[in-house]
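Below are the structure tokens for one structure; questions will follow.
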Amino acid sequence: MVKYILIPLLPFIAFVITILFGRNHIKDKAHWIAVPAVFASFILAVSAFMDVLGGKVININIYSWIVSGDFNVSMGFLIDQLTAVMLMVVTSISTLIFIYSIGYMHGDGGYYRFFAYLSLFVFSMLILVMANNYLLLYFGWEAVGLCSYFLIGFWFHKKSAADAGKKAFIVNRFGDFGFGLGVILIFLTFGSLEYVKVFDSAGTVAGQTINILGYQFDTITVICLLLFCGAVGKSAQLPLHVWLPDAMEGPTPVSALIHAATMVTAGVFMVARSNPLFNLSASAMATVAVVGGVTALFAATIALVQNDIKRVIAYSTVSQLGYMFLALGVGAYTAGIFHLYTHAYFKALLFLGAGSVIHALHDEQNMQKMGGLKKYMPITYWVFILASLSISGIPGFAGFFSKDEILWRAYLSGGLGRFLWFLAAGAALLTAFYSFRLIYLTFHGKFRGTREQEHHLHESPPVMTVPLMFLAVGAVAAGWVGIPPIFMEHADKIGEFLAPVLGHPAGEGSHAEELAVMGISITVALAGILIAYIMYIRKTDLPGKLGAMFQPVYRLLYNKYWVDELYSKTIVQPTLKASDRIILGFFDAKIIEGIVNGVPALIGAFSRRFRAIQTGLLSTYGLAMVLGAVFIIGFWIFLK
Amino acid sequence: MENIILNSLDYPILSWTVFLPLIGAVVLLFLKRADVIRWTSLGVTAATFVISLPLLSNFDKGTYKMQFVERYEWIPSWGINYFIGIDGISILFIFLTTILSILCVLVSWRAVETKIKEFHIAILTMEAGMLGVFVALDFFLFYLFWEAMLIPMFLLIGVWGGQNRVYAAIKFFLYTLVGSVLMLVGIVVLYFYGGRTLDILALSSMQYPVTLQYWLFIAFFAAFAVKVPMFPVHTWLPDAHTEAPTAGSVILAGVLIKMGAYGFLRFSMPMLPDATRFFMWPVLILSIVAIIYGALVCFAQKDFKRLIAYSSVSHMGFVTLGIFALNTQGLEGGILQMLNHGIVTGAMFLMIGMIYERTHTRVIADYGGFARLVPWYAGFFIILTLASIGLPSTNGFIGEFLIIFSAFKAKKLLGVFAATGIILGAGYMLRLYQNIFFEKANPDYETPGGHHPVWDLNAREVLTLIPLIVFIFWIGFYPNAFLSYMHASVQHLIEQVNQTAYAGQESLIAEYIREIF
Amino acid sequence: MVPLSWYIILSAVVFSIGVVGFFTRRNLIMIFMSVELMLNSVNISLVAYSHYLQSMRGQVLVFFVIAVAAAEAAIGLAIIIAYYKNNPTIKVDEINLLKG
Amino acid sequence: MDMSSGFSLLSIRPLVPELTMICTALILMLLDLIVKKKEVVAGVGIAGTLVALYGTLKLYGFSEPQAVFSDMFVLDGYSNFFRLIFYLNVILTICISLRYMVIEKASFGEYYALLIFATTGMMIMASASDLIVLYLGLELMALSTYILAGMMRKQPRSNEAALKYFFLGAFSSAFFLYGISLTYGLTGTTNLKDIAASLQALNITGNPMVFLGLIFMIVAFGFKIALAPFHMWAPDVYEGAPTSVTAFMSVGPKAAGFAVLGRVLFSAFGAMQVQWDSILIPLAIITMATGSIIALAQTNIKRMLAYSSIAHAGYMLLGIIAGTPGGLASTANYLMIYAIMNIGAFAVVIMLRREGFQGENLDDYMGLAKSHPVASALMLVFMFALTGIPPTAGFIGKFYVFMEVINAGYTYLAVIAVVFSVISAFFYLRVVMYMYMRDPREEVALTTSPSMNFVLAVTAVMILVIGVFPSVLLDLVKSSIPGLL
Amino acid sequence: MTAPQWFFAYFAGMITLLSVVMITRRNPVHGVLWMLVLFVHIAGLYLFLNAEFLAAIQIIVYAGAILVLFLFVIMLLNLKKELTVRKVQQHWVIGAAVGAIFAALVVAVVAGITVLPPLGKYSIEAIRSEGGIMTIGKVMYTKYLLPFEIASLVLLVAIVGAVVLAKKRIG
């Protein structure tokens, strides 16, 4: 039991030590605490994975966390197949990125802080995946958000970084708003928050309804949609995707770890985790699928025209997360998790590669100012190629297997799924295009930066490149645990492994169909690469021409559909203005304070007015007395 | 007696706790040297804390009965007794008060340089008053402490406060007085209906005519709502909190405004169950309005302290929401949230005081980049910020979650509205944090070269904050340590609220409100 | 016989005349005399009651009223003199040093 | 009437305190001719009062009310309790007068004699069970206070105060007499008990003429206790009179007025409670309103305290309105407490007075806490006591009155009263605010003396002690006023 | 109307008239003199009411002592100027009106008064048999002893007061 507790605890200890003593004592030796801790965690995770592989499912309650009346939640861990996979992904990638960061963050003023936050993040993420109940999940969920906030705003003196951090947090809160209510509703419906209990009794509450504003809604659907709210926020799906691109203000390892490989996939994990609930609600599933499918395409279109290297990858992440949700939405939970897993590797690789480039160019992120880096940084170049092939879905690479599985499952689910498959296939084309646009702009052609930068160009140190190579291996080979049966019987190891938790996807299709779908996806991927090749290697003036030709479209995409501006105009600014002018300026200051200060002022005015009655004249006083008597006599004797 | 457990310790522990600060205040009268006064004051507050500790260890969590009870005849001709005791609802506030008092003395060590003796006397009398309110089991005694506290607080704000202190002090005094005198009338009415007794337990066990209950509820509500403060009678709070000296703000935010909610728990609910159920919906709606309104106002604040003050309105909205949801989670969450708010907002005011000593400004725009200038300070403050916005692992989460849970349980839409408070809370607090600590530093405060170089927390200040930080995480990770004290009492309270023959038959307003939701 | 009410009405009328005098006159002495008039009106009614009730009480009270009136006159006039020494006016509508 | 119903020496016994007081006054006047030092005169005055107090305490032992002098004078707990207020009032007044009257250049031996004469008048009033005695006692008190108010002969303000007080007092006396005459005419008696009996026997409680007589008496009593709209003399007289006399007047005549009001209404007109309540309720409300509201605009502290005393009269009246023995007791209790806190407050006011400095303006209190922390702290206590904030005695007074008035079913009156008490809090607070929260404009020196310190100490301690342990006072007042004859 | 009624009518008419005349005199000295006449009429009324002692007192004390005191004071205060200015106050009309209303109300209330209580023992015959002064003296020194003594105190205070207020003092 201690072993399992130590998995998250080790990084936490590292965090505490680093944050307390980092500033004055540890300083730039911070990695000596964080890296071993997270590596140890990885080893323990492997051991736990082995336990699960051996058929064990660990469900332990450590202590009673909140007890209030019938409300009772424990701090407890559940390590089943799903968790085990997540543990592997999180700890392995964390370890690699920690090591990479030693080089990347070298010399930064907040070096210790960086490792502290990262350690805290790993802790939080592990809590998130290991939780055995929804509230603890929520705990981890919020905690990773916090770390994300810290790390996006790591260079807090930059306004843009501080803004981005805040934005990430607040946008996520919108999602958590739903998630939190979902958790509450789960408890109210099931009387427990523990996964096991909830899922066991999921069937019994099917068909129950709740009354909202006088309308009856299916309870499970409401729960699922509320939970999905959280997922939308955390995993940056439409319409809460806006924070993720901005999150690129953080250091690149952060983007790789948090905003690509792990945290943003928490939503996917959570939905997959809740599959017994989602399975009971077709409409919730459809919502998930549609949001995923649309986001996949939507984000991909934006990625087409972005110039910031990290933003391209960020939108690509949003898009890939869309794929995962699409998979979940069509009931292919395994496919979703599978893609999560492969995506973690190739996307982390892409980010770290980009980081390597940025590092070499001294924080230049604009691809228009890069070019021809191939010869300066070969390792980076080649890992980039591998990752891009993987994300594009070229057969043999990790991304191919998982993505193809998703497309196939979407296609299979028919109806709406067919349509979404169409979108996703389109997105696949775009994915291949922008991935290779990125490579061509960055590594091919002539260097477009300054002399100064060119002079300093160099390959990154081994401490950075070695993790890249490890990840590259993952980006290529990670998919081989999920080879579809059409190629090899019983090679879908991951599917079988996860089946106890996630079940088997429904639907069977013919081999021919499957091959056709696969063919289409391979074709569009290749087409995408080809178009990118033509536009950025062959006819380099074409992008400009196209941009001019489809000016409105280009601007729409370049400005990300003006979603940020829309939010600013409709939510942020009105809230600020209303609170300043109406709530505070008018209601609080004028009405309430008007009354509060007005009544005493009125009494004061009365006081001054009545003072005048006291004229100081004897006869006035006598008159008052007699008048008083007259009134009393008149009223009580004559009127009564 | 039926509902009490007499003090089994061989000394009157509660009396000592309450009156030790008062004795200390009297002793201070005869002291001259500033340092001696400070140390004495610190010693007295610390001693009070130590004396109160056996309460925790000897407290029987299994019963709702009043414990450590002392009862002596006091004003026999009115049937009024000196009757004190604590139960699961009040015990935690005792500790909140004793701890915050120590911190108030500590934080004023250098901040208060004028009329030092009077200041510490005021602090100590305040402490005695606050403790008295929480232990009093006789309504008269309660009222005595309740009102008596106004005097030292009035002076604390008015004498040692900021620019606009006189206005704030008088506003505070009169505002709260309006409410409490109406309660006084209510108390007297209750006295006669309750058979000429002001024994809180006796009064709680009686049944009153429903119409009377309504009127009494309104009278009590006037006092408690102002104190909480609930929307729309909250406007004394920003002024008082802002203008008060640090110690005053801490006491105000930490303990004083809890008394309103405590009043609901101790008086309105058990004594007037029908009225409580009747007025539940209006109060809940006011609470929701307070949550959202308070949060929105925070967005527009330009003054550091004022923002935190308004955030109290929002947070106390959560408290009343939880309390009036009238279910276990809500009540326990509400009580816990009071504690949390006391700790977190108390600590925030402490920290604002600390930074004010360095910068002499409270205008948010004058700050910026302080995370670099005073990293430890920034570190402590982020913890408070996170606790304030209810991040899991901090105490704020537990309280807010339980409250939203209870509200949702009571009425779905209430929970939804309450949850928006969490979004807004994150919004204004993070905005504040960014404006103060991130972005470019104000060159004035740069460590070398600025006009007013700021320095990081010193040992005394860290020592002041550590206990509160410990509590933040303690409650965050193991709230049961605190919740377990409440269970029995809260359970009993719920039974009391739900008792009585009068059932159903709600007013048109209540019906109407039900319809809307 | 003369009805009792006649006396009482007379008394009331004279009392009211005194009241009017108190309100209208400017001269302190005259005001004082108006007060004396009021006292006399009361005396009339007291004596009348005494007579009609066949009781001595009213007469005794009149006796005391006259005694007190004498005392009042002494003090009142002394006060007027004391006042006059510092402010050579006894116009009552100019006596308003104290007001508000 | 035969001689046997006259008197024996025994029947004088209940009058021993009054006789002691009269003797003391006479001795004082003689002593003044012999002794130059006013402290001696004052000391003898206090000593005489203490002897009277001793006598009263001895007489307290009587379990049954004693009516002597053909039922014209009654000795009961009620009157004895009021006597205690009067003794306290006169002793404390003498103590605060000593230095002050010297500064005002009005330190005559007669001053002390008149104080004691006035007190004797009050004592007679409190014991009077016949309207004739009542009238004479009232006049004895009134005439003495007219003179006291005009004691500072050289000061126009004092002259004017005496003048106004006198004229309006005489005016109100006329009303009182008219009321007496009507009552006499309709009931055939002036004895309070007999009036009550007669009202019953003749069944004329609803007679408008009886009511008119009652109204006139209430007007006169209202004048003495400064009920609006019969209060208008009070601010002017309080401001103009020597401060020590103001202190004396704001307590003594008010208490005596309440004593007779209570006795007349309860003893004689008990059957007409509905009628007099219908008058007194609006009067109480107007009084509280007038006192509380107009005080807000005052800048002279004596004047402010005058309005405050008007407001307090309104609160005290609530006890009478309650119309129960408890209500009466609550009023008496309030008066006792009011006496203590009010004299305490005036003592501080007097301390500010020194040669060439009036010290009556609120501005003079600016920053007093800085230079004179103790005096300010005491003033703070008095101000909060007058506001009625616990744990001061002022709260006990208010609480008791509210209790009784609510018990009698007039909850709305209690609500109105508390609202006005909040308004009044503002001007009391203002004094505290000036002392503690303003910077001093000029250095204010205080005139202290041992007797002054004694008064301050006694009043402050009593306020706090009664505030926390009211039982002693409550038991006393409750046992003293179980009901009226 | 019977003879007593005519008699009463005369006195009542004169008293009312004289009261009005008295309070309307500009010169206070005239006022005092008219008041003297008024008091004589009142004394006459007392006689008519069987109160000869009071009638005597009315003349001796009221007219003889009090009014003379008034005259002294008027002479003491040099009031020449007073005679040249307005004799009534600025808003005298209001005062008069209130007085009139007051009179109307009071008269309206008391107009119907009759003798209600049982008659006492001091009937005209009883008083005649003993003599008016004797009767009043007896009650005064027995039943009304206490008020009598208090009245003496009142007078004492008046003396003291007059001295305190008016006496010239040295130092």
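For this structure, a couple of remarks:
Order of writing sets the labels: A, B, C, D and E. Residues in every chain begin at 1.
Simple rule for what comes next: a contact is a pair of C-beta atoms (placed from the backbone, for glycine too) under 8 Å apart; a residue touches a chain by one contact, two chains touch by 3 or more.
Just so you know, these numbers come straight off a predicted model, no measurement behind them.
Shared contacts of chain A and chain D, meaning chains that touch the two of them, come down to B, C, E.
The chain pair with more C-beta contacts between its two chains, of A-C and A-E, is A-C. Taking each chain's centre as the mean of its C-alpha atoms, the one that lies farthest from the centre of chain A is E. A summary of chain positions shows that the Cα centroid lying nearest the centre of all protein Cα atoms is that of chain B. If you average the CA atoms of chain C and of chain D, the two centres end up 26 Å from each other.
Mean C-alpha positions place chain B and chain E at a centre distance of 71 Å. Between the CA-based centres of chain D and chain E the separation comes to 31 Å, rounded to the whole angstrom.
With centres taken as mean Cα positions, chain D sits 43 Å from chain B. Counting partner chains per residue, chain C shows two or more touched chains at residues 4, 8, 15, 18-19, 22-24, 31-32, 48, 53, 55, 60, 64, 68, 71-72, 75, 79-80, 82, 92-93, 95, 97-100. Residue positions of chain B touching 2 or more other chains: 174. Contacts with at least two other chains are made by residues 132, 136, 139, 143, 146-147, 150, 153, 162-164, 167, 171, 182, 185, 188-189, 208, 212, 235-236, 297, 426 of chain D. Going by the touch rule set out above, the chain pairs that meet are A-B, A-C, A-D, A-E, B-D, C-D, C-E, D-E.
Chain B contributes residues 74-78, 115, 118, 140, 143-145, 147-148, 150-151, 154-155, 158-159, 165-166, 169-170, 173-174, 177-178, 181-182, 184-185, 188-189, 191-192 to its touches with chain D in the complex.
Residues of chain A that touch chain B in their complex: 19, 23, 63-71, 75, 135, 138-140, 142-143, 146, 149, 153, 156-159, 161-163, 165-166, 169-170, 173-174, 176-177, 180-181, 184-185, 187-188, 210-213, 575-576, 578-580, 583-585, 588, 592-593, 596, 600.
Those residues of chain A lying in contact with chain C across their complex are 611-612, 614-619, 622-623, 626.
The touching residues of chain E, counted against chain C in their complex, run 2, 4-5, 8, 12, 15-16, 19-20, 22-23, 25, 28, 31-32, 35, 38-39, 42, 45-46, 49-51, 53-54, 57-58, 61-62, 65-66, 69-70, 72-74, 76-77, 79, 82, 85-90, 92, 94-96, 98-100, 102-103, 106-107, 110-115, 117, 119-124, 126, 135-136, 139-140, 144, 147-148, 151, 154-155, 157-159, 161-162, 165-166. Remark: chain C residues 4, 8, 11, 15, 18, 22, 28, 31-32, 35, 38-39, 41-42, 45-46, 48-49, 53, 55, 57-58, 60-61, 64-65, 68, 71-72, 75-76, 79-80, 82-83, 85-87, 95, 97-100 touch chain D in the complex.
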